[in-house]
Every structure is written in C-alpha cells, then in structure tokens.
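So, here come the structures, one by one.
Each of the next two complexes has chain A plus one other chain: chain B in the first, chain C in the second.
Showing the complex of A and B:
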C-alpha cells in the first residue's frame, strides 16, 4: 500500500517535477545565452525535439504497461531508409512503407511478449538487432544512402513550415494530444494503466491484458517508423547511422517525465516535458561551444538518475 | 437442508470432481446456493475451497459432474484485486465508464458517480486519489461496490476480513448485511467463527476435497463445526499413538525463550509464548490464527508494533541476524520457497547457515564442512548417494531433514518448526517426529507448529492455542486432549479464569 503522503508527493513529482526543472533551465538559458531565446533557435529546438517526441510517445504507452521497447532506435533508422527508398514510388509509398514494416515488427514484438510471456527486454533486444541487421543488409552495410528527390512532396513533409515552424512539430503535437486523449479518455488507455499497475488484478477485472500489450508495441513500432520517415524527409535521405541509442534517449525522457518505469502511472505531458528538457540542455551545451557536446549525455544521465532516485525514495 | 426453496438455486453443483497432477482437489462435491442466502464455505487449507470457488466461477472446468449457474457471479478475493495506482473512481468503473457524446470517457461524471456510490458504502475518501492510498478495508469495500455495480447476483467473498482492522470488519459485515437485504446472494469464506455465526445462514464444510456437511449454520454448534473441519470426532478424547513421538520430555524450569506481548496488527495481538530447555511447545489454531506469524515474530522476520523476545532472560533485537546469534533457528513452512536451494548439493545446503562459523577470513574450510555434513547425514539418517547429490533429487522427507540439519549445525538453543511434516510421506513423517523428540531430549527448546492435531497432542508437552491472532488458551498435562483444543479453537472457553488471566496479561503488556 502507498501512503497518502507518498502518493501526493509522487503526483507532485510526476506532474510538476520535470516541468519545474524545464522552466528553470529555460529561464536560466534565456538570461545567460542571448541567442537561446531567438525565434530561429526555438524553431530549431522544437523541430529537433519533435522526432524524439514521436518515438517517446509510443514508449510512454509501452512503459505504462510495465514493458520496455528497445527496438525503437533501430526501427527509427530502418523507417528512414525505407521511406527514402520508397520515395521513388511516390509520397504514399514513402510514408506507408516505413509505417507498415515498423508496425509489423512492433506487432511481432507484442505478440511474442503477450502470448509467450517472454521478457519485453529480450524480445525487443532481438528486434533491435534484427531491424539494424535488416537495415544494413538493404543498404550494402550502410554504403548505399537512398536520396529523396529535393522537389518531391515527401520532402515537403519534413521541410515544410508554417510561420517558420516545421511540419514535424505540428505532426508531433497532434499525435501527442491524440495520445493523451487515448491514454486518459478511452478504454484502451485505462487498460494500459491497469495492465501496468497490477497485471494479475487487471486480468481478474476483465481487462484484455494480452491485446493491450500487443497494441502498445504495435503503436510504438509504428511511431518509431513514422519518426524515421519524418527524419528522412527532413534530411532528404535515408541516413543509416542514426538511431543508435535512440531507444535509450526515449526511455530516459519518458522516465524523466515522471512515468514510472515499473508501469501503471505516467503522462504524455510529462514525456513532452522530458523531451523539452533533454533538447534544451543539448541546445545550451552546443551554445557554450567550448564544452564538449558529449557532456549533453552526461547531464541527461544525471537528470535521469535524479528522477529515478526521487521516484523511488518518494514512494516509500 | 431446509425446504423453503421458493426460487431454484442460483448455483448448483452436482458430483463435481477436479484433479490436479494426480491430486484430487474436489471429490464428488455437491453444493447448492439458494437465492438470497449468505452461505459460509469453510475448511482447512487444502480442503478444496479455492478450487470449488474457481469451478463455481468457471475459471476451472471440472473433470466430472455438473455445474448450473442462474446468475452473474463476482468474486472478491482476500488480496484486493484492483489497481492501486489508478484512481478509486477509475477502478470502480474500469471497463464500464460513462461516456461523453464523442465517445470519450466522461471523467467528471465518472468521479461524481463514484463518490455518490461509495458514500453508500461508508467511504468518503477522494475518489480521484489513487486506490492504493485508501486503507485495506476501504479498498475491499471498493472491490465489493464494483462487484455489486457490475450487476452481480452472487458475490463470493474469499477471506475478506483476514487483513482488516476490527473496526473495518464491522463496516464490512454491515455492508454484507445490506447487500443481503437487497437480495444479493453471498458465499462467505472465512475461518473466523464469530463472523460466520453473526452473518451466515447456511454452511458448507469441505475436507480433503469432499463436502462433509451442508446445512443451516445456527443448528450447528461451534465445536461441531471445528471438528468437522479438522476431521476429528468430538467424543474422541483419549490419546493414542498414531505418531512417532515418545513420552513427555523432562523440562528445565527456567524458560530459555520468552516472547511477551508480540503484536503485529492485524495478524497477531499480544501473543505470549515461553519455552523451557528440553520442552516442545505446540502452537495450535486454525489457518490464519497467527501461528506462522508468531514464529516469524520470534525470529525477527515480522515487523512488530509491540512485544519483546527474551532468550535466557536477555532481550533480543528484532532482526533475524540477532535472533540467530541468540540461538534461535526456524524451519519455514514452505520448503521450496523459503529454504531449499534445489540445484545445490546436500553438503552446500546443509552448511549454508553455518558458513560464517566455518570460514576464516572468508575462506571456507572444506574439511570442517565435510565433517559436519557427515555427522548430520548419519545422525538424521538422511538418505543420499553422496553429500554431493543435488537436493532437488531427494524425497520431500529427506529435503526436510537437510533443512533441519542446516539449522542444527548452527547449534541453536531454540528451534521453531513450522509444519515440519507437511507434504512428506508417512514413513519420513514418523522419522522427523522421532527426531524432534530426540532433539528436545537433548535439551533443545522446540516450538512446533502443525495443522495436525495428533502431531501436536503427541509431540508437544504444552500447547498454546491461538485464535484470531490472540492466545485463546494454554493447555498442558491432562488438558492435552482433542476436546480441550477444539473447544479453545471454537472459543467455547471452559477454563474461564485461566483465559481471563491470559487476556489480562496481554492487555497489560500492550499498554507498555
């Protein structure tokens, strides 16, 4: 049983902890670095964050069910390559191919996890290797980079802007709003919480636990593929070396956003804030210039640790 | 059975049999549930209650027999089967949420409905807070409300009060009565006699997978009920040697172990136990009466609200390490999960607890190990091909002896044995019993927990009878008869003075 006080503290931490940190970091950056607050920089920041946000959205669902999806980094890269290759057959193929293939791999993840009771860690680790291998196989070990014609409609998807803000930002925003609604206001969303909160109880309460798990991994794979497609459109090519370790970034932002790694509790808003926090820190470190950009990882790591330690101690 | 069957039974079970891995869990069971009654389902551990419930609810398909259901069944388990991290309202309406016209969950209405509904069950807590923040009793009430709201005709309550405070029990029983008035049929599983007699109309007693009695509860005296559960006739009084225990042991006068006022709400409340060297003290009582908890409290494995354990007059700090150092060892009830390490050898399993004594600067002397293992294998007559044989390959009885050896080689002064002969065959059982006898004669103080009355009556010099976490009586000498034990368990106190004194002492110690 959780005590009343601990629950309240968890709630506060979950809702506000990351948000407070984000506000502080943004405020300090704004004051210290004159270029930080410029419209150009903010647009760039949002665009960079939007790709990760799409992946992390799927990860949020997976982690709330008490699972983990390690395959998203590889699927992200694979999605990009498939989109770039498919773009020669037109916009629809370029968009549908990565969604279908990555979605299918996510579906297989889900089926294996839900039906055979294998650990999500192992199953998705296998598909991480599988997808990365597949990617290398279709690109001659990364030697072939498929280019997207600069004037194609597909490139517009990644590079088009409204008031200077890139399309991917709006796509990610719409998806996150939808994701939040699905999570909090639909039966599927409630099933996600119930599955991660107490799986055995959920089964006894009539929650379709297996179906719920299959769905979240399918969603996660599909979203990773979409993020890959958007990135390819933005870069005008299917870059093969991206996505290494992206699954860990996604897990990190979800957890920093207050979603419990053990499942049962979490918010999409928190994940978005987590993405913001990581991207702002990255941006600031880049602006310092003299600081090695690898420190971004150091800071993210410290943040993650602090959040996890807080989650654990505050729940006592 | 009474004949006022106005409507047909809600659930009827005829000749149901269910076997698991060769073990017959239900054997030709008949069971009928009349509409609107509160039906008590009782029986000792392993009597088949859970299996019957699962057959009733359709989780298990019986191997033979017929099940007829004329209503929707909902089960409330002992452990609340809800999601602690989700809000109270979300738990209450999971899967049946009110919707807005866009098909989304209408949270405002859900929360309002939940608050109003729960008020009827005496819960005024904030329905938007996580369920886990509520007290266990309130959580149980939410589970109950959920079941009733799901239009259940029959609610099965499996030990609903086992982890509740007395005040919460009252509220729960109140709600049960209310549901009864609303015409809901209830199956009430509990070991608590008081509750059963207060609210139930009918009782079914299961023993060893059979229905040994069905009928109106008030016509059945408590002692009859207990004897039906345990399978002993009340008239059977004299002791007879069905077990391998010898005569009573010569006991020293000063107790080596004294536990005073052990309290861990709600499991045990003010339990006193003392054991003299060379004495075997038995802990009797029904399942859930606090036997295992008492032993765990003595060895420091159960967090206590009050109470102190003294070994040879000195208080022992409340942790297992200190208790072990003071000379207390415990043989846990469940060999598989709390003792044996199946893939290690007999030797490794035996010396595990004694390793700190056998090692110098972290290096473990192999020759010392071999000597000790050899001694115990011979002394306890453990049948092994070699000390290097894996424990998993041994029979249950020999596994139990390996565990016994493990604790004996720490040279304890006090040995706590929780169901030492459960699940081992008759021959091995007699050997383990003889061994307990022998150890006591050598001066060890033994606390023996057993569900088998014969084992306790023959093996123990003195019996402490527990009921609902409190000492219901202490029996020794001529009082060591089935009748006395059953009466103590059934709360028909015959030695009023003694029991009163007991309770007086407990309350005195609690107030410290």
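Showing the complex of A and C:
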C-alpha cells in the first residue's frame, strides 16, 4: 500500500512537475517584479505564447506517434509570407493559402514517412530546407517583405482584442482544447497513442498506422502555417527571417510538458504548460534590464536540462 | 507448373535486391563521380587547381564535424550541439590568444571536450534521449558563447594562429590536411579497434550490448566526447580561416549539414553502422552540389530546394526495407 501511494505520488510529480514549476516561477516573478503581474504584461505574455502554442500542439501529436517534425519553423515563416502575399486578394485567400500550402508540405512529409519507411528526422529536415527555399523563391531571395493593408479584416485577426486579450490567444486556446479532446476522446487519438506506443503491435491489431502518421504530419504542417498566418496578421507583414530554430523551441516545450520523445505518451495540457514556462522565463529575463538577451537562451537551455533530468530521475 | 515461374521470380528478385544493395552501398560515390563529370563538361573553370582547393577548404570544417557525428549516429544517437560547440570554441580563442596560439587552441579543445563529455554523461548515465540532451546545449551553448564574447565579433591578429587557416603544408591547405588525417584516424578507430566494434554493437542493439557485458556507458561518453572535441577543432580551424571570432554565426546550422552528409553517405540513423568513407563522400557531394548550383548562378532559393530533393533521394535509396 505504501509503495503504491509512493508510486502514485511519483506519478503525480512526473505528470504535474511542469505545472508545479510554472506555478512557482509565476509566483516568484509576481512577487519580485512589480511589472510582471500587470494586465498589460500578462496580455503580452499570452499573445507571445499563443503562436508557439499552435505550433507545439501539432508537434505534440507528431511526437506522441514517435516521430518528430523539424519543418515547422520554416513552415511557420512560409505561412506568414503566404498570408501577407495573399492578403491583397482578401481575407479568405490570406487565411486559406498558408493553411493549404503548409498542410500540403506536411502531407508530403507524412506520405514519405509512412509509405517509404524513411526516418521522420531526415524527411522533415529536408522539408525544412525546401520550405525555406520556397519562401526565398516567392520573396525575391528574401528581399521583398509583403505588407498587409492596416485596415484589412485580416489584420484584425491578429490585432483584434477582447477585453484587451488578442484574438490569437483565443484561437490558440480553442485549438488546444479541441486538440486535447481529439487526442483523448476519439479513435484517431487512440490511434496516435497506439502508433507511438508499439508500432508493430498496433499494425498487427489493425490500427491504421500509416494513415495516422500521414494525418499527424498534415495537421502539424497546417498548424505551423496557421501560426505563421496569425503572426503575419499581428505584425502586418510577412517577415521572412522569423522561424529559424522555432522547431527546436516547439520540441523543447513539448518535452518540458512531459510528452516522451519515444512516443506513446503525452498530453496537450503539458505542452501548454511548457509554452507558459518558456515564455514566463523569457519575459522575466527581459524584465531584468541588466541581463542581455543572450542570457535568455542560456537560461532556456539550463531550464530544459533541469526539467528533463528531473523527469528522468523521477521515472526511475 | 508453378515451380519454374517461382524460380525465375526468385532469381529476378535476388538480382533486383543485389542491384538495390549495390546502389545503397555505392550510391554516394556514383553521385560524386556523376557530378564531377557534369561539372567537367558544363562548368567553365571547374577543372582548375584553384577551384579544387577552394572546394576542399570549404568542405574541411564540415567534414571534421561530420566525422564525429557519424560516430554518434552509429550509436543510434544524434548530436545537435555541434554548431554551438563550434561557437564556444570561437568565443574562447580570443580570451587566451594573448598567451599564445597553442594555449588558445588547447582551451578551445578543452571546451569541446567538456561539452561532449557532458552530452555523453546525460545520454549514458542519466539516460536522456540524445536529441533532447544535446538540444539543451544547442539552445544554451551559443548563448553562453555570446555571453563570453559579450555578443561581439573580435578580429584576430596573431599571425601564427591565422596561418592555420591560410597556409599550406606539403602543398595542401593545413585545414584540409588536418581533416584528411582525422578522417583516416576515425576510419581506423571504427574498423580496427575494440572501441569501434563496441560502438557499432551498442548502436545495433544497446540492450544486447549491455547484456553481453560491453562497457556501454564508457563507450557512449567516449563517443560524445570525441564528437565535442572534433566540433571544437572545426570551430578553431573555421575561426582561423575567418580571421575573426564570430560566435553569433560560427557553426550556425552546422548540425544539419553534418547530419545530412552522414546520412547521405550511407550511415543509417538507426545506428549499428558507421561509414567513414561514405561520410567523407557525403560531405564532398553536398559541397559539390552547392558549388555547382552557385557556379550556374542559381539563386539560393532553388539551391535549397534542390538540396532538399537530394537528401530525400539519397535517403530513399539507402533506406532499410521492411
């Protein structure tokens, strides 16, 4: 009984470790930095986190199937540029174009991975290059930055607010709730877990492993494109240089959230908490004016390490 | 009645399998030769000594990193931190260059050794997945390098140190010579030593290797440490050639170039096999592809898309079939 109770406690710590850390970090920041708790800062924090959350949501699905998607950073940038370019033809084109193109590249990722037995790491590495190349091709080698008309409805999507909270926050929240429901309450979600848990057994049990993989990479690509479109709407332009290394941020927050890179286990809630943690830490470092921004990555790296080592030690 | 047909089928199948196998093993060499022939015919000023020198000098730092990466991938791991380690090495050089180039280089190598050993410790002793363990250093390492250098690019003036990147020895650029020697050493290490055998055995089946009593942890720490040192050597040579310490740009995205070269060279990401010569040719192939595209004035955008296609094609050919 005692060991069982201890096991339960360990399990809670494992699953809630990131949440506990988030509460602690937020509490300390609130007390130490007077500006941290201001509504303005919290709104900004949530908005900054919403773009990464959309990308990391797709990454969560991919990683639970035991895969990885390195192309999302490039697709994020590509989505933004496509949205900005498409905005001259109206709201629908601006929104649909990035989703379709990035979704299509995700679909190709999925097809190559599921049908040819190539490693996800290398397939999505290739599409990282490809998407960046495509982005350069449609922006005159990065020289053209497409602007979005400030009075267009599309800009409203990125800059509009409810009680001061930007639309992207609500979009990300709705998507994450939907994602959580899909993962835990649908057959597709079950297939995602089964694919990552034990692929061979899943195949023998008749789980449509190939179809599931194709779908998660398509979803991941589409979400990265959407995050790019939202960012473009917020910035009112298709910035060509964003998204370098974003795939690593996304992987980091998913891992911090307790999703195992080996697949078969993970939660959307954890990912959202992971996004919160990284963004709060970045925010706090920005508030300590004396630290230059280079410390941000040092602290993020150390933090990732601490969380992963803790998770690993607790699992033993 | 069906027997003869089956026999023919089997024979054809065997022949196809043999052909695929041959292509898997030798595809990268064929591609390099094909590309050389293409350039010899269609690219002006390609078959010149000066051009070959340039290509080799540009490929040398990538090759040195790729050699370490090949070993890590052979253990079914991956090291994402190599670019950050190069940046660290670059940041450390100017700190000690006043006390002479030897000390500066030594300190840079010590940094690489420490970083690599740290990665190895995380992977082997703590049991963290290689991607995540080395991701932490990728994120933090370059930041640390920038903190050390105060975010500044520092011009270097020590003639002895700069000679490393510009001078020749035995008619070859020093960096190329070092890369070649290291390639030979790593090939010897993988093919002729117990360490090499153990490394491949661990990559093939870690559980079995543990049960067989192989010193799994020690070998893993050794491999990651070696990879860190090689990345630092590459950082030193690249810094010397640049004539400046530039931690912001040094080795940026090097992890991707190195992984690409290793995989294109026929070392599977699933571990259990290290192909050193394949890695050398993988580096040369990617360098030649880039050079060809540049010499034919193709824009960067097209160049990147073509590289993506080549990676997919190479891995498609080399993939293991179910």
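Miscellaneous remarks
Just so we're on the same page, the second predicted complex is superposed on the first by the 296 of 316 C-alpha atoms of A that agree within 3 Å, B and C clash if a C-alpha of one lies under 4 Å from a C-alpha of the other, contacts with A are read in each partner's own complex, and residues count from 1 in each chain.
The rule is simple: a residue touches a chain if its C-beta (ideal position, glycine included) is under 8 Å from a C-beta of that chain, and two chains touch if they have at least 3 such contacts.
The shown structure was predicted, so the numbers you read here are calculated from the model rather than taken from an experiment.
Superposition note: with chain A as the common reference, chain B and chain C can be accommodated side by side. With chain A as vertex, the superposed Cα centres of chain B and chain C define an angle of 60 degrees, given in steps of 10. By the touch criterion defined above, A:308 reaches chain C but does not reach chain B. Contacts of A:265 after superposition on the shared chain: chain B is touched, whereas chain C is not.
Of the two partner chains, chain C is the only one touched by A:127; chain B is not. When the two structures are aligned on the shared chain, A:204 is found in touch with chain B, with no touch to chain C. Of the two partner chains placed by the overlay, only chain C lies in contact with A:251; chain B stays clear of it. Of the two partners chain B and chain C, it is C that touches the larger number of chain A residues. Between chain B and chain C, the smallest C-alpha to C-alpha distance in the superposed model amounts to 5 Å. Once both structures are placed on chain A, no chain A residue is touched by chain B and, in the other complex, by chain C.
Contacts from chain B toward chain A in the complex involve residues 75, 77, 80-86, 90, 94-95, 97, 104-105, 107, 129-130, 132-133, 136.
Contact residues of chain A toward chain C in the complex are 68, 112, 116-119, 121-123, 125-130, 132-137, 141, 248, 251-252, 255, 261-262, 292, 294-302, 304-305, 308-309, 312-313. The residues of chain C lying in touch with chain A in their complex are 78, 80, 122, 126-129, 131-133, 135-144, 146-147, 151, 256, 259-260, 263, 269-270, 299-305, 307-309, 311-312, 315-316, 319-322. Taken in their complex, chain A has these residues touching chain B: 1-4, 7, 181, 184-187, 189-190, 193-194, 196-198, 200-202, 204-207, 260, 264-265.
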